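Listed below are the structures to be examined.
Each of the two complexes below includes subunit A, the first together with subunit B, the second together with subunit C.
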Partner chain A sequence: MDAEKKDIYFKIFRYNPEVDQESYFDEFKISVEKGITILRAMNYIKDHVDPKLSYRFFCQAGICGSCAMKVNGVAKLACTTQVWDELKKCKTPDVITIEPLGNLGVVRDMVINYNPVVDKLEKFMSWVEPAKKDSAFGEKEFIVAEKDFKIIDAATDCILCASCYSECSILDAHKDFVSPLVMLKAFRMNADTRDTASQKRLNLLTKDHGIWDCTHCYKCVEACVKNIPIMDGIHGLRNSAMNRGMKGEGYRHADAFRKDIYNVGRLNEPLLLLRTKGIFKVIGMTSFTIKMALKGRLPSLFVKKIPGLKKVRELMRSTSKR
Partner chain B sequence: MKYAYYLSCVNESMTKELDKAFNLWKNEFDIEIEPLHAGTCCGGSNLEYVNPNQHLVMNGRNIAMAEKMGLDLMTSCNTCLLVLRHTKHELDHNEEKKAYVNEQLKKYDLEYKGTSEVKHLLWVLNEDYGLDKIAAKVKQPLSDKKFAPFYGCHILRPSSVMLGYDDPNSPSSLDSLIKVLGGNIVDYNSKNKCCGFHTLLVAEEESLDIGGNAVVEALDNEADYIVTPCPLCHTVLDGYQDEALKRKGRSGSIPVLHLSQIVGMALGYSDSELGINKHMVRK
Partner chain C sequence: MQPYDIIIIGAGGGGLYAAMEALSANPKLKVAVVSKVYPTRSHTSAAQGGVNAALANRHKDDTIDLHIFDTIKGSDYLADQDAATILCEMAPTVVRELENLGAPFSRLEDGSIAQRPFGGASKYRCCYCADKTGHTILHTLFEQCLRRGVVFLNEYYLLSLHHDGKQAQGVVVMNMANSEISILQAKTVIIATGGYAKMYWQKSSNAAGNTGDGQAAALRAGLALEDMEFVQFHPTGLRKSGLLISEGARGEGGYLVNNKGERFMSRYAPEKMELGPRDLVARSIEIEINEGRGFDSDAGKYMHLDLRHLGASLIKDRLPQIRELAIYFEGVDPIEEPIPIRPTAHYSMGGIDVNNDCETAIKGIYSVGESACISVHGANRLGGNSLLDILVFGKIAGRVAAEQSVTLTHKPVSSSVLEDSKKEIKSFMDPTKTERYGELREALGKTLGENAGIYRTRKNLEKGVADIMELKERFKNVRVHDTSVVFNTNLFQVLELRSMMDLAETVARGALLREESRGSHSREDFTKRDDEKWHKHSIFHRKENGEIVVSYKPVTMGKYKLEERKY
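Up next is the complex of A and B:
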């Protein structure tokens, strides 16, 4: 029986900075068989219609991570994404949109400038810094126990495709943000039993544009082509920073939740502001506070304790060991 | 339909109008609630890294209290939804963690069994009550208005712990509700994006940029209102709209409604009855 076939339109982002004033979209109509991936459809267009179409790919098996691009607005690997699956997600029927990853500059068409990722991987020491001197290597194996590897197992699946980088909400607002990808690597290295640089890494990660700037939007988790729970890694880094008493606005903000549950059972919103920012910064926010007060939206400083708070406190105490 | 109702800290303090509006019409929709007065704050997606054990035990307790009542647990806040669903997911899939939580809870005559579902009000309206029945209740169709739905992150992502109500890349449950209320939808890219709430106090500029993008896009698409099922998104999009638009170098303003308020509007309640006059941005 002949394979199911269909005429499909590929609306593809085009930009060549040497020629084009600005980017535009080209539309290619090709006949596609069911079972074909986005990458194979792109290869067909490059081989038979427009050889100038530029994009990266290598392994064609979801391993090298080089063919990540936005398909119908979402970062994906072109080589593991089926055209037929995408047909269900088209805004205009049978028109599949292809764009470069977000949050990274465009070199040409779908080829993005990967350098910021490499720079950040380097800045945050995304490698194991072993206790052994280089000269001592080869003398004795350094075995990672299975239970220790389990902690970093999922994180080691990362193929650096930068899909998470593309979708990150905070990177969209500030290009210096460390990025989910680099935080995941840092978590993986910090939790590696052979590594000795965790404190150094945490010192870097708790500076401006570091771990505390992640807004928990889970876009990275949703975009990860390897289904890595990236937020567990980010939370893991924050947990380490807190356990090591690395205090700052991020620490104070997060710890306020724990304290309020213990003290009243609920969050004390006005005090949260005060605790996170400190009294001097809060005084500087008076115009906002006055506007809120005029609307009757300023919460009371005194939050009513929840019924049964005594039991809650007992539970908080008996589970306090981190 | 009866639910244990999880009281979100933000709705008890800064966005009281959300529950005020909900309480006006819930009986008309046969929704009965048992407020979880003894429930604790969910930890706002922070407690899980401050102290993972406390996060599991306190939120396991919140769900176990609903289980003891024999009711599903409903919330009107996206972040409470995420934290409670995350907890449920962990306890339902990890016997060791469940045993730890129950060891702690048994002293208080509570047990986490996994028998109660955790749902958002938006899901309850869409599926438990049903859009057909909602359409039949509408007294004042919102047909002369254009709405920009803003879902917020924690009702969509991570989809692995949600109930599959929405495709996180192309959600539709809020759109569907607005449509049955007679409203017109503005289709814009920001609808499944982040408002920036959770970094508002530690990375304010970035947060306002993110929230500002959604407001600007809603304005560009000539929406009359933004509607959100999350009181935290509301806090940014309404409370910080002025600052966010200033950062974007934009003029204009757009009122932001809670899910409970837009339902109330279609049922004929006035702005003051629904607490819309308490918002920072007015029409």
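Up next is the complex of A and C:
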């Protein structure tokens, strides 16, 4: 029995800085069998149609993380993505769009500049700083309880494919943002009972462009090819910063946020800013404030309690117990 | 670029362990790791099952001696017994060291490192992290290299290896981002480039880049290769892609079942059943298929690996990656259905001929891991011994290179090699050339699979050698169509194919000459192991004119006498 076959169009991003002023899309029509992955389809194009098509791939089994790219607009691994599954997601029927990951800059076609990822892994101490001296290595293993191991288990699935990096909305706004995968690594290191550098790491992470810049858009969680609950890691880092009394702007913002909701059921935005930034920084923002007022965008200083505030408080009390 | 004390080619577990160890032995050394991929992409990440060490956490009566014996017996007595002893003696130390550095090993109830049964092992000895052991070990080593400040030259391709006949001079590399070719002067060079089993292409579990670049560069530089004919076929590759289903699946209790519903391993290894050594299980599957007891499909004949009786929770807990692979690549959820499998080329026992300190015949050039042949695996490697090999000998190579680099002086590489390299690269792009890379690569994989696969005969191997020689001739006329200097993957694919072509010739020639069956090398015309004539290592040299010469050297014996291998 012959396998199901279909003519499919691959609309592929092209850019080679050596010859192209601007990026463009090429379209390749190939006949694809059911059961073929995006990577195998691309390899077919490279072997038989255009040997210049450029992309990274290595293990072809979803564990090395080389071949992350955007397929129909979403970052994923080309090697574990079935062409047939993508057909359901095409904007134009039977046209699959392939683009490089976002937020990293293009070297050529789907090859992105991966160096920022490595630089940030290094900058934020993405390693276990062991509790043993070098000379004592190898004598005995640490005893690690099942429950402690469970905390880091999911995070060690990360293959650094940078899909989350590509989709992160904060990185889109500022390239210096620590990034989801580096926060996940930091969480995994901090939660490891064998590590001794959690305070140092938190000091680095609570500076500008650190953990408090994340806005919980959850795009990283959606993008993760290993289904890792990245946001749990980000929350874990924030909680431990707060528990250690690291009362920087991020902490003050979260705390003021919580108090507003508890006290009146909604945000008092001007006061929220004041409590987060402090009086001097807010004075420094006067011209910005005046511009907002002139445009009629300045929120009111006076906020009324919402009806049903009792229920909100009950909810907050019950979640904080958990 | 500055002269280095140690250049390490390859950023898998062996290379990274060597880098970490060298800097820990002497932090003042200038050490750089050169890799054609970012380190965490390396194929160490694909090792699923685990790493053997006689910690005796699970079976209290396990001992290092038992591990040594299992390794030697598994090797079909071709392993050098002193090397195997080092491997097993150092195992508990390196596994615990890695654990101390943060590797997230799965745990027993008492919090110690968990261990599972594995093929060819007499005890529960295989330490693991679910089925992502290699991945987590590679990441841990990369993290610790960052911690120690190792210099990484990521996405640099090795073009050639240089020495003055006595001592290492350095390497010539190409920066893949911009095609810049440069000489890296080094007192010592550690080759850790992984295996060459991708030459079987369609019938291989390996990453696209496991093309034996380091071994091929060593062969071209006049160094010796050893035991190249021994290529391990893993019993359980996925039917369509050849991708690997770890031995962990059988370690946890999976059954191999034929089209009659029989657990056919009862015929071939009545005691160990599915957990016989890999060569034996792979051959048994081939026999079952050849005798008509396989399943049939468009993608070829296959067998069933049945995990259903293990239950959903065990599969999800301990074999999550395997379940993912089966779903992605075969559309089969192992909780509901058996996984379709067939044997797939998996591991190169052969490699660069080195001694127990990872040294080649040239001072300052070492090799480690799958690119080396020490030999600890002999004619057949046991599951869980490859991760162990890269850790133990990565550590040894790092330490030895650190010590020796202090006593050696720099020997400059002649700058004329730069011009030679540039000319050679340019010649690949000559528009009058007509051969297509993809065709040659497919043809190489096909002839190797058909003529130098699991079962071999004189007739097939002679055809294999002839095919390879013809392909090598055609390769001279292969054209790189991409002339860009920016990330030219077309060029690197062709360079990788050159490595595979050169090494394929040694595999086929070695197999043709070896008239016996031992470990992974099974001759249908010489079905018995012949210790009198063939209990020896094959050694391969390349003459100036390109001709491959094969000689032999004895196996180092110890307290274990030659015995018939039964499971």
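In this section, the second predicted complex is superposed on the first by the 266 of 322 C-alpha atoms of A that agree within 3 Å, B and C clash if a C-alpha of one lies under 4 Å from a C-alpha of the other, contacts with A are read in each partner's own complex, and residues count from 1 in each chain.
To be clear about the criterion, contacts are C-beta pairs under 8 Å (C-beta built on N, C-alpha and C of every residue); 3 or more make two chains touch, one makes a residue touch a chain.
Fair warning: this is a prediction, and the values are worked out from it, not measured in the lab.
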Subunit B versus subunit C as contact partner of A:89, first or second or both or neither | first
State whether A:212 touches subunit B only (first), subunit C only (second), both chains, or neither.
-> first
Partner chain(s) touched by A:116 [first = subunit B, second = subunit C, both, neither] | neither
In the superposed arrangement, does A:233 touch subunit B (first), subunit C (second), both or neither?
-> neither
In the overlay, answer first, second, both or neither for which of subunit B and subunit C A:142 touches.
-> second
Pick one for A:180: touches subunit B only (first), subunit C only (second), both, or neither.
-> neither
Subunit B and subunit C footprints on subunit A, overlapping residues | none
Touching subunit B in the complex: which residues of subunit A?
-> 72-74, 89, 169-170, 172-174, 177, 212-219, 221-222, 229, 231, 235-236, 238-239, 242, 249-250, 253-255, 257-258, 260-261, 265-267, 269, 272-273, 276-277, 288, 291-292, 295-297, 299-300, 303, 306-308, 311-312, 314-316, 318-322
Contact set on subunit A toward subunit C in their complex | 1-3, 16-19, 35, 37, 46-48, 51-52, 54-66, 80, 82, 107-108, 111, 114-115, 118, 121-122, 125-130, 132, 134, 136-146, 149, 152-153, 156-157, 159-160, 189, 192, 194-195
Hey, which residues of subunit C end up touching subunit A in the complex?
-> 24, 37-38, 40-43, 45-46, 55, 92-97, 99-102, 104-107, 109-113, 129-130, 132, 135-136, 139-140, 143-144, 146-147, 152, 154, 177, 207-209, 240-241, 243-244, 298, 321, 324-325, 328-329, 331, 436-438, 480-482, 484-490
Residue positions on subunit B within touch of subunit A in the complex are 7, 9-10, 12-14, 37-41, 43-54, 57-58, 61, 104-105, 107-108, 153-154, 156-159, 168-170, 189, 193-194, 196-199, 201-203, 205-207, 209-210, 213, 239, 243, 278-280
